[in-house]
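Shared between the two complexes below is chain A, which pairs with chain B and chain C, respectively.
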Partner chain A sequence: MLQVKDLTMVYETDRGKVKAVNGVNFSIGHGEVLGLVGESGCGKSATLLTLLGLVPYPGKITSGEILFNGEDLRKKSPTEMRNIRGKDIAMIFQDPMTALNPVFKVGEQIRETLRIHGLMQEQKGSWWSRRKKQNHNERERVMELMKEVGIPSPDERFFEYPHQFSGGMQQRVVIAIALACSAQLLLADEPTTALDVTIQAQILELLNKINRERETAIIMVTHNLGMAAEFCQKIAVMYAGEIVEQGPTDAVLENPKHPYTQGLLQSIPRISERKQRIEPIPGSVPDLATLDETCAFYPRCGKRTKACLLKKYNLEDLGEGHSAKCALYS
Partner chain B sequence: MRAVKIVERVLATIPIMIGVAILVFLFMRFTPGDPVDLMMGKDGNVSAQEVATLRAQFNLDEPIYVQLFDYLHKASQGDLGLSFKKNRPVIELVKEALPATVELSLVAVVISLFIAIPIGVYSAVKQNSLIDRASMGISFLGVSMPAFWLGIVLILIFSVKLGISPAQGRIDYGVGLDKVTGFYLLDSILTGNFQAFKSTLSHLLLPAITLGATLAAIVTRVVRSSMLEVLRQDYIVMARAKGMSEFKVVVKHALRNALIPTVTVVGLEIGVLLGGNMIVETVFGWPGLGRIAVEAIFNRDYPLVQGVVMFYAIVFVMANLIVDILYTYINPKISI
Partner chain C sequence: METHLRSLRLFGQNLQAFFSQLKKHPSAWLGGIVILLYVAMAIIAPLLAPHSPIGTDLQLRLIPPFWQDGGTWSHFFGTDVLGMDLLSRIIYGARISLLIGFLAVGISVLIGVVLGMLAGYFRGFFDEIISRFAELLMAFPFLIFAIGIMAVLGPGFGNLLLALTFKGWVEFFRLVRGEMMVEKTKEYVEAATALGVSHLRIIISEILPNVVHSILVLGTLRLGYMIIMEASLSFLGLGIQPPTPAWGSMISAGRDYMMTAWWISTIPGIALLILVLSINLFGEGLRDVSDPRLKRG
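Now for the complex of A and B:
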């Protein structure tokens, strides 16, 4: 359904070009869940916004294709893109407290999506009666949606403002907005990071239900590998704007090939092994403006060799859809 | 619920008014200069007897606290006394002048908001563009220009050199206008008098621009900076992700939020505007409260100064109350 080919997005800053998304390739089919994992600042969220055509200023897509149902989204006009956003591809944000507009009623914010895409329009009758009917239909639909995402007594909560909702309920509202037009693809940008652990589980369960019942494909950005393991069929590991390893979840997590993925997995504490030492990856994500073509992970890598600096490596297929970008496998 | 609170707030203005009355009364008495001296022009031909009679007539020979209680007692019955100079009831004089001042102030506020908000929004959306830089430069000029100077410059250009706009008064001589409300713009529309409307408008524009310039400059800057702040928020990205057009994102989602700090600033600036009134009305010979106040202060016309300041206080308190009420509509997190 969605195929991203060699997508590159560049921020043009005073210090030079910063490749926030660097030659990214992945695809996702109907009803699939893809996890995009990696540290903060490695281009996961930027990738999602780029897919929607909402590249944050001063970013620019410099190359690549975004094929959605066979059509390249980069070739669409702004108006055509607007018709796709919110209707075919919807987004769920990281922090629901800031994603909802504080001055509008919650119900209105859900209704807005229906109104923008003209989903509940009536054909018959005078302008006035059409309008009235549309309002009524929209409200009914919003109530349905609120019920579906688990907001109790929607007929009252429709008229409340975001600050009257708890964090978990706010995230349900954000999800209801994303579901309003029955999107085929949901882009979830760390949907549970800002929430309590118990609420996290509820929201995940809700997303799971949506994925099962509606066959909605989900691209889930997260830095929680445990969550990715439970929730995603495929995982792509991002580092410094590039995908360094991807494949089926089990393959990537049980048999990680790239030193970065291995490092990520070792830095997770486990309850079952009390005395195990957590081994963090030394250093931090490099300054993207200073990168050259060779491996960006080289300075932090425990398995680096002279071969790493010789040339640019590509994702190598390691069988069963599992691939990694590293000198070790080339 | 809201109505009850509003009534409470209106009632709470009563002690404020009493406080204002006492303060103004005392400060006027402590100001050097005596009304009777001024009336007599310090003329050697006036006998001490005559001065004493005049003092007794105006009740000025009593101790201050007696005068104060006398004044408050009468004021509570709606009698603000007679003007020393004009020998007419203060209430009547204020009533005549109030519509002129309110009309001028309202037009000034409306003009400045209509100019300032769109420019502020545009400057924020096109940050660092030529228009943004130009409007910020002009607004900086607007903040730093004193009203009396701007008024004189406008008169010089538009009245003296170009002869487009009259420099004095509210309406041309000989334009018959039946007074219904005292607001000339409204009256001329109500009576269908197009000539009077044109004349009023041409008289109104220069003083209104002079009075509103500072407000417009400040509001432009506030709108711009709060828009810049709001446009960075997640809910703006969210609105775009819903497929909303950029115009609606800016006007509906961003501006509604940016108006919250703007309303606060406008509320505060109303006080400044009322003060500016006195200067602008004097420069443009505008027959409003401000000019009466200035004249009365020079004449040490105690009852008139007290009456006018009381009305200024009422207008100020009411304007702030309106801003507070407006605020609860704009910002759902706040109740009165």
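Now for the complex of A and C:
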């Protein structure tokens, strides 16, 4: 359904070009869940925004294709893009507290999505009766959505303001807004990071249900490998704007190939193995402005060799859809 | 039907909450009532004024207010040099002050808010130009600037309005532009963009409701200032010309007689003082009450 080919997004700063998204390739089919995993600042969120054509200033897409149902989104006009946003591809934000407009009633905010995309419009009758009917239908639909995302007594809560909702309930509202137009693809930007652990599980369960029942594809950005393991069918690990390893969740997590993925997995504490020390990855994410074509992980890598610096390596297929970008495998 | 009722009831509740909040600020409450009284006075001036505001009678000149020796009840606050009834002139003068004040603030808000929202949202070249121009205007003291304009254009109602708004919009522009730049980076704007909302709609129906309370508060505070400015210009003979009753020119007319007939200057001055003080008290209270982002519960 969505195929991203060689997507590159560059921030043009005073210090030169910063490749925030660097030659990224991935695809996602109907009803699939893809996890984008990586440290802070590795380009996960930038990738999502780029997909929607909302490149943050001063960014620019320099190359690549974003094929959505066979059509290249990069070639769409701003108006066409606006019609796709929210309707076919919807986004769920990290912090529901700020993603909702504080001065509008929650129900109105869900209803607005229906309005913008001209859904539930009535054709018959006078202007007045059309309006009345449409209002009624929209309200019914909003109640349905609120029920679906698990907001209790929606007919009361329709009229409340975001600050009267708890964090978990706010996130449910954000999800309801994303679902309003039955989008085929949901982009979830760390949807549970701002919530506490018990609520996280509920929200994940909700997203899971949506994925199962509506067959909505979800791309989920997270830095929580455990969550990705539980929730996603495919995982793509990002580092410094590139995908360094991707494949089916089980393959990537049980048999990680790229030294970075291995490092990530080793830095998670395990309950089963006692007294094992956590191995952090030394160093920190490099300055993206100073990178050249060779492996960005080289300075921090425990398995680096001279071969690493020779040339640029591409994602190498390791069988069963599992691939990694490393000198070790080419 | 039931949902409509609920919506209506909610509006009623919000209104009630607003007023009960306002009641906690007795000064704002008082200010609001006094402003309303002034507005009512200006509207029904012909019914209230005992005499014509511009009728002169040289036989009745310089009558003191009723509580002083020689004062009469028929001229409550006394008369001025030309024998015009002060009370009537003060009542009619409220019309000029309030009209100029509201119009000047209204036009300033309109210009400032529109430009500020566009500049703050889109930034770029347009913002640069407008902002530099605004900074240029900020460099002049308001009164001197207004005196300059009035000196060039000559006195009159329209010119007075022009002089006051020519610089008056800058405050609103800067406020709204700043607020806009803050709000623009908030996630709800990003969320709206991700939903496919157009720029214009984001500006008007997403961001504007979030900044309208600060516009309201600044507008109220500027209202008092504009009224003072009008009075100052009229005092200097550059604003509303006698015999049209305006408090500024009334104060000015009486300043030669301060030693012998203090009331000619002082009483219009007190009327002005009470109005501006009330507006400012009301504005302060409004600021505390109206911010939806401070409201919790």
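Going forward, the second predicted complex is superposed on the first by the 330 of 330 C-alpha atoms of A that agree within 3 Å, B and C clash if a C-alpha of one lies under 4 Å from a C-alpha of the other, contacts with A are read in each partner's own complex, and residues count from 1 in each chain.
Just so it is clear, a residue touches a chain if its C-beta (ideal position, glycine included) is under 8 Å from a C-beta of that chain, and two chains touch if they have at least 3 such contacts.
Every value quoted in this text rests on a predicted model; they were computed, and no experiment measured them.
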| item | value |
| --- | --- |
| Fit or clash - chain C, chain B, common chain A | clash |
| Which superposed partner A:T113 touches (first chain B, second chain C, both, neither) | both |
| Partner chain in contact with A:F159 - chain B first, chain C second, else both or neither | second |
| First (chain B), second (chain C), both or neither touched by A:T98 | both |
| Partner chain in contact with A:V197 - chain B first, chain C second, else both or neither | neither |
| Touching partner for A:I278 - first (chain B), second (chain C), both, neither | neither |
| Partner chain in contact with A:R139 - chain B first, chain C second, else both or neither | second |
| Footprint overlap on chain A, comparing chain B with chain C | 52, 54, 82-87, 90-91, 93-95, 98-104, 112-113, 116-117, 163, 174, 177 |
| Residues of chain B defined as touching chain A within the complex | 233-235, 237-245, 253, 256-257, 260, 330-333 |
| Footprint of chain B on chain A - complex, ascending | 49, 52, 54, 82-87, 90-91, 93-95, 98-104, 112-113, 116-117, 161, 163, 174, 177 |
| Touch list for chain C against partner chain A, complex | 3, 6-7, 10, 186-188, 190-198, 201, 206, 209-210, 292-293, 295-297 |
| Residues of chain A defined as touching chain C within the complex | 52, 54, 81-87, 90-91, 93-95, 98-104, 112-113, 116-117, 139, 155, 158-159, 163-164, 174, 177 |
